[in-house]
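The structures come next, written out as C-alpha cells.
Heads up, the next two complexes both have subunit A, just with different partners, subunit B and then subunit C.
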Partner chain A sequence: MTSIYLGIDVGSVSTNIIALDTDGNLIASVYLRTRGQPIPAIQEGLREIRATLGQEVTVAGVGTTGSGRGLAAVMTGADVVKNEITAHAVAASKVVPGVQTVLEIGGQDSKIIILRQGVVTDFAMNTVCAAGTGSFLDQQAARLGIPIEDFGRLALEARNPVRIAGRCAVFAESDMIHKQQQGHPLEDIVAGLCEAMVRNYLNNVGKGKEILPPVVFQGGVAANAGMRRAFSRALGTEVIVPEHYGVMGAYGAALLAREAGPKTSAFRGFELTERDFRTGGFECRGCANHCEVVELREENEVLARWGDRCGKWSNAVAV
Partner chain B sequence: MVVKVKQWRLGVPRALFYYYYAPWWEAFFKALGAEVVVSPPTTREIMDLGISLAVAEACLPVKVFYGHAAWLAPRVEALFVPRLVSVEKKSFICPKLMGLPDMLRAAIKDCPLVIDATVDLSRRPEEGLRAAIRDTARAIGARGRQVERAGEIARARYWDWLARQQEQGREFSPGKKEGITPGGRPPLAVGLLGHNYLLHDHYLGMDIAGKVTRLGGRVILPENFAPELGEASCRRLPKRLYWTLGRKIMGAALHLMEQEEVAGLIHLTAFGCGPDSLVGDLAERYAHRRGKPFLLLTLDEHTGEAGVETRLEAFIDMLARRCPA
Partner chain C sequence: MKVTFPHMGHLWLVLKAALTGIGLEVVVPPPCTRRTLELGVRHAPESACLPLKVNLGNFLEAQELGADTIIMAGGVGPCRIGYYSQVQGEILRDLGCAYEMIVFEPPDVHFSEVWDKIKYLNRRPWQEGVHGVIMAWLKACAVDALEQEVQRLRPREASSGMADAVFRRALQELDAAGSRREINRVVKEKKEELAALPRRPDVRVLRVGIVGEIYTVLEPLVNLDIEKRLGALGVEVVRGLFLSRWINDNLFKGLLPLPGHHPEKTAPPFLNHFVGGHGWESVGDTVTFARRGCDGVIQLAPLTCMPEIVAHSVMPAVQQATGIPVMTIYLDEQTGEAGLQTRLEAFVDMLRRQKGVKAG
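So, the complex of A and B:
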C-alpha cells in the first residue's frame, strides 16, 4: 500500500487538497469552491482525492493551511497546522529553488513573500481592502459578461490598454464603465484593469519590498494570462507561474507535513467524508465581551470550540 | 480659613494616558482623600459605546476612551480628564488628545463635572507641573501644604512604578535559560512597539504580547529598558521628533533594532493615528536598513483576530527560520 501526505488549504474562496507521494511529488490535486461552507468542501475534496488515487493508501501525514486551517485540522486530524505565508513560501522554494520573490493573489487576499537563501526574510499581506484580488476580477468578468477563463486571453489581445484607477474596487468599476461609455474596445479595458491591479498590488502589498528574480506568481489569479503579462511588464523580469499555481498553499502544507514526518499520523481516516459534522455558534454572555463562540460537532460530540477570548469554551473541550 | 475637603468620587477612564500615569493619578487623589473609580478593562460593550459616541475621524483609542468615560459618567461625581498639551520641554502631545475634555463634554449626555487641568510643560517644566497639580487639586477643593504632600507621594509612587517595569526587563536578560519552548530552543526576543494604551489594553490591542509569548517569543516592551537609551538613539535622527509619544516609540524602535539578540520588531498602531503613520514608516525604514525584520500591525474597529494571528504566526515562523537555534 502506498503512503501519501495530504495538504489541505481552506481559503475564503477555494478549498484545495493535494496528495504527495513519499518522495514529495504531487500525485493528485483538487480545487473546489468553498462557497462559505468549508466542511462539505473538505469532505468533497477528500472524496475526490481518494477517487483520483484509485487505490488504498495510507496517510502518513496531514498539513492544513489557509484561513480555515484550524477547522480543517480538527476535522481531519492534522499533524501540522501552518499559516499561508509559510506554506506558500515552502511550496515556491520546492518548485523554483532559489526563488527570491513570491507574488500570491488569491480570492480575497494577496501577499508578497521575500526570500533570500531559501528563508523568508519579509512578507506583507493586503490590509482590510480586497481591491485587486480574485473576487474583484471575478465580479468584473461577470459584469462584462466574459467567462473568467477567457478574461486573461482577451487582455492579451489589447493594443492600447486604457488607464484605470486601481486604488479602490468601487472607483475602478466606475472608471471602467466610463471607459466603456467612451467606446474603448473591451480588450483594452480588460488589459487596463490587469495593469491597474498590478499597480495597486505593487504599491500596496509590495510597497518598499525589494523584488528580485526569480519571481514566482501563484494563487488562483495566476491563471490569468493578462495578469501574468502585466506583472512581467511592471517588474521588467520574467514571472514564473508554477504548474500547480492554484494549489500551492496545499502543496506547501503537505510538504511541511512530510518534513515534520510524524511517526503515526493523527489523520482520522477517509471515512470522515461520510460523517456528520456540524458547526454552530452562540454568543457567550459570560462577560461584556460577548464573544461569538463557534463549535464543531461530530454527531453529538463537540470536537472543538473557538472564538472566545478568555478560553472558557475552547479549553473546555478535551482534544 | 480651613475648608473641610469634600469626599469626591472621581472617575478615571482606563484608557489613553491612564496607561502612562495611572499610579501618579491614583496616589495623588487618594492622598487628597478622594475616592478613585477606574473603569473596568475594555470590553466589546465599552468599545461599542465609545464608537457610537465619538466623532468618526477620531482614532480607535480615542473612541475607546469615550466608551470608558461614558461608562463612568453615571457612576461618579467628576471625571478626571487632564488636558495634556505637553509633558516635557519642547515636545507635545497629539492635538486630538489635547481636545479630549471638550470633545467629551459635547458627546456625553449628562456629563458630570470634567476636571481638565491643563498640563503644559513645554516651556518651563517645573512651573508647568506645579500649575497642573495646583489646578487639579483646586478643582476638588484642596490647596496648600496638603497638595504639595500629595504631589510628593504621587511622584514617588510613579517613579517606583517606572523602575519596577525596567526591572522586569532585566529579569529576562538574554543569557537566562528559563522558558525554553517545546521546540527545545530559547524563545526568540521580539521587540513590541506601540503606545502603552494599545499594548496594555488587552481587548483593544488584541493582547499581542500574549499571542507572541504563546507562539514561542519573548516580548520586550518599551518600558522594559531605561528611556534614556531610546532618547540617545533618537538623537542620531536628522531632525528632532517633537511628538512625545512618537519619539518614545521611535527611540524604543531604534534602541531595540541595535540589539543583537532582538530577532525582530512588531509595531502595533491604531488606524487614524497621525503621528504613528509617520513614525511607523520611519521606524520601518531604519529597521530595513539594519536588516531587522519589522512587522506593522494596524488596528481598527473592523480588525479581525484571524488576520492578526496569521501575520504574527508567519512573522514568528520567519524569525525562527532566520535564526536557527
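So, the complex of A and C:
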C-alpha cells in the first residue's frame, strides 16, 4: 500500500489535483476546467487520480489552495489550507532551488512573487485589470478563430510583431481589430498581443519589483510559447518553465501538506466522489448588509456556511 | 433642526456627544452597510473616490430618519475632500433632498468663519456647550484606549470574536454615559472584562502597522474589517491614526500632550512635503513602525487617492532603507472579500517565514 499526499488547487478557470509520493515526487496530476462548478470538478479530479494510482493508496495528507480552497478543504477534509502565493512559491522553490522571481499567470489573475534565499520577500497580484490573464488570451484566440493551443506556436512564426496597446484589455482589443483591418498577417498580430500582455504584466503586476534570475514562469499561460519568448525578450534573461507548470499551485499545496506531516489525515476518503454535495445560498435579512450566505450540504447535512459578515451563520456550523 | 453627519468608524459616538452637548437634536445615520454603499454609488459620479460615495449614502439614509441638516468636514486640498461637500450638496439638491449643509474647514481669512458656524449651531449656554465638547473628547479617548486593547487581544483570544463582543457593548455604554465618572467606569469595567478573557496558549503573534488614508483605515465597511481579519490570522494591529489623535492634531492643533504625528521628523528623506490627506503621515508612520520593530506595514487607500498614490510610490525606498515589508491595498466598491483575504494570508505567511529565518 502506497502513501500519498494530495494537493488540490481550485481556481476560477481550472481545478488541478496532484498526488505526491512520500519522497515528494509528483506521481499523478489532473488538470480540469472548473466551469464555474468546483464541486463536480473536485469529484471528477479525485476519481481520475484514483484511477491512475489504482485502489491501493492511503492518503497521508491533503493541502488545498486557490480561490476555492475553503470549499475544497471542507469537502475533502484538508490538513492544510493555503493561499496561492505561498503554494506557488513553495512549488517553484522545490523545482528550481534558488529561484528569485516567479511569474504566474492563471485564468483570472496573475501574480509575481519575489524570493530571496528561499523566502518570499515581496509579491503582487493584479488588482483591477484582467488584461494580462489567461481568460483574455482565450477570448482573443476565440475571436481570431485560432485554437488556444496553436496561439503560441503561431506567435513564434511572426517576423514583424505589430505594436498593440497593452494598458487595457479594451484598448488592446480595438487596437488589434484596427491592425487586422489594415491587413497585418495574423502571426504578427498574435505576437504583438503577447508582447503587449507582457508589457502590461510588467507595468501593473511587476511594477517596482526587482526581477532577478533565475526567473520561473508558471500557470496555465506558460504553455504559450509566444508568451515565453515575449517574457525572456522583455526581461533579457532566460525564463524557466517547469515541467508541471500548469499544476504548480496544487503541487505547492501537496508539498505543504507533506511538510505539515499530520499524524492522521483529515481526508474524508475517496468515497466522497460518489456522495451528493450541494451548495445553496440565501440572503440574510438580519440587517441592511443583506449578506449572501452560501452553504455546503452533503445529503441533508450542512457542512459549512460562509459569506456572512457578522458570523451569525458561519459560526452556527462547527467546521 | 435635526443634524446628521457622515460615518467614519466610531466617529458617530464622539460627534453625537458633542452635538447633543450644544443642544442639537442628532440623527445618527444607520450603520454603514451594503445598502449605504449602493445608495452612494448610484448617485455619485463614477470617478469620485469611495468616501464621497459612502458619505452620500449616509446622508440619504439619515434623511429617511428625518435629518435636515448635515455637518460635514471640508478641506483646502490637495485631497479631494475639499470638494466633497460641494458635490454632495449639488447631488442632494438634484435628488430633491432639502438638506442644509454646514461645512467646517480651515478658514480662508479669519477664524471667525468657523466661530460663526458654531454660534449658529449652538443652542445652549456656553458653559453647557463646553461641557458637551469635553464629554465628546473623553469619549474619543475612551474608545481609542479600549480599541487598542482589542487590537492587542484579537490574535491572542481563545476563540475569535470575544474581545469584539466586549468592545461592542462598551461602545453602547459609552454612548449612554453622561458624565466623566460614568465614562471612567465603563473603561475600567471593560478593560477588566477584556483582561479576563481566556487566551490561546503560546501563540506567536506578529505586529503589523496600518497606515493610509484615514477613512479607509477607520471605516470597517470600506476596509472589509481588515483589522478583525488580521487578528484572526494571529496579527496584532497597530496604527497611528486614531480619532483622539486626529482631533488633537487637527482641531486642538496638538495642544494636548498626546503622541501626535510628526511626519516632518519621520518621513524625510523619503518624502519632504505635505502631499494632502495623510500621505505624509503614511510614510512617516511606516518609518516609525519599522523603528519600533513591527514585522510589516499595510497601506490602505481608496482607489485613485492622490496623496496615497504619492506615498505608495515612495514606499519601495522606505522598504529598502528600513527593511520593513509594505503591502498597499486600494479599496473600492467591490465587496468580494476573497481577493483581500488571499493577499492578507499571503502577506502574513511571508512575514512569518521571514521571521522564522531571522530567528533561526
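Just so we're on the same page, the second predicted complex is superposed on the first by the 318 of 319 C-alpha atoms of A that agree within 3 Å, B and C clash if a C-alpha of one lies under 4 Å from a C-alpha of the other, contacts with A are read in each partner's own complex, and residues count from 1 in each chain.
The rule is short, and it goes like this: a residue touches a chain if its C-beta (ideal position, glycine included) is under 8 Å from a C-beta of that chain, and two chains touch if they have at least 3 such contacts.
All values derive from a computational prediction rather than experimental measurement.
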After the alignment on subunit A, I want to confirm one thing: do subunit B and subunit C clash, or do they fit together? clash
Could you look at A:Ala266 and tell me whether it touches subunit B, subunit C, both or neither (first, second, both, neither)? neither
In the overlaid three-chain picture, which partner chain does A:Ala223 touch, first (subunit B) or second (subunit C), both, or neither? neither
I'd like to know which partner A:Gly311 touches here: subunit B for first, subunit C for second, both or neither. second
Which of subunit B and subunit C A:Leu156 touches, first, second, both or neither: neither
Overlapping contact positions on subunit A, where the subunit C interface meets the subunit B interface: 67, 82-86, 119-123, 125, 127-128, 208, 287-291, 309
For the complex, give me every residue of subunit B touching subunit A. 40, 43-46, 203, 207, 284-285, 288, 293, 298, 300, 302-303, 306-307, 310-311, 313-315, 317-318, 321-322
For subunit C, which residues count as touching subunit A in their complex? 30-31, 33-36, 161, 225, 303, 316, 325, 330, 332, 338-339, 342-343, 345-347, 349-350, 353-354, 357
Which bits of subunit A are touching subunit C when the two form their complex? 67, 82-86, 117, 119-123, 125, 127-128, 208, 287-291, 309, 311, 315
Listed in rising order, the residues of subunit A that touch subunit B in the complex are 67, 82-86, 119-123, 125, 127-128, 208, 287-291, 309
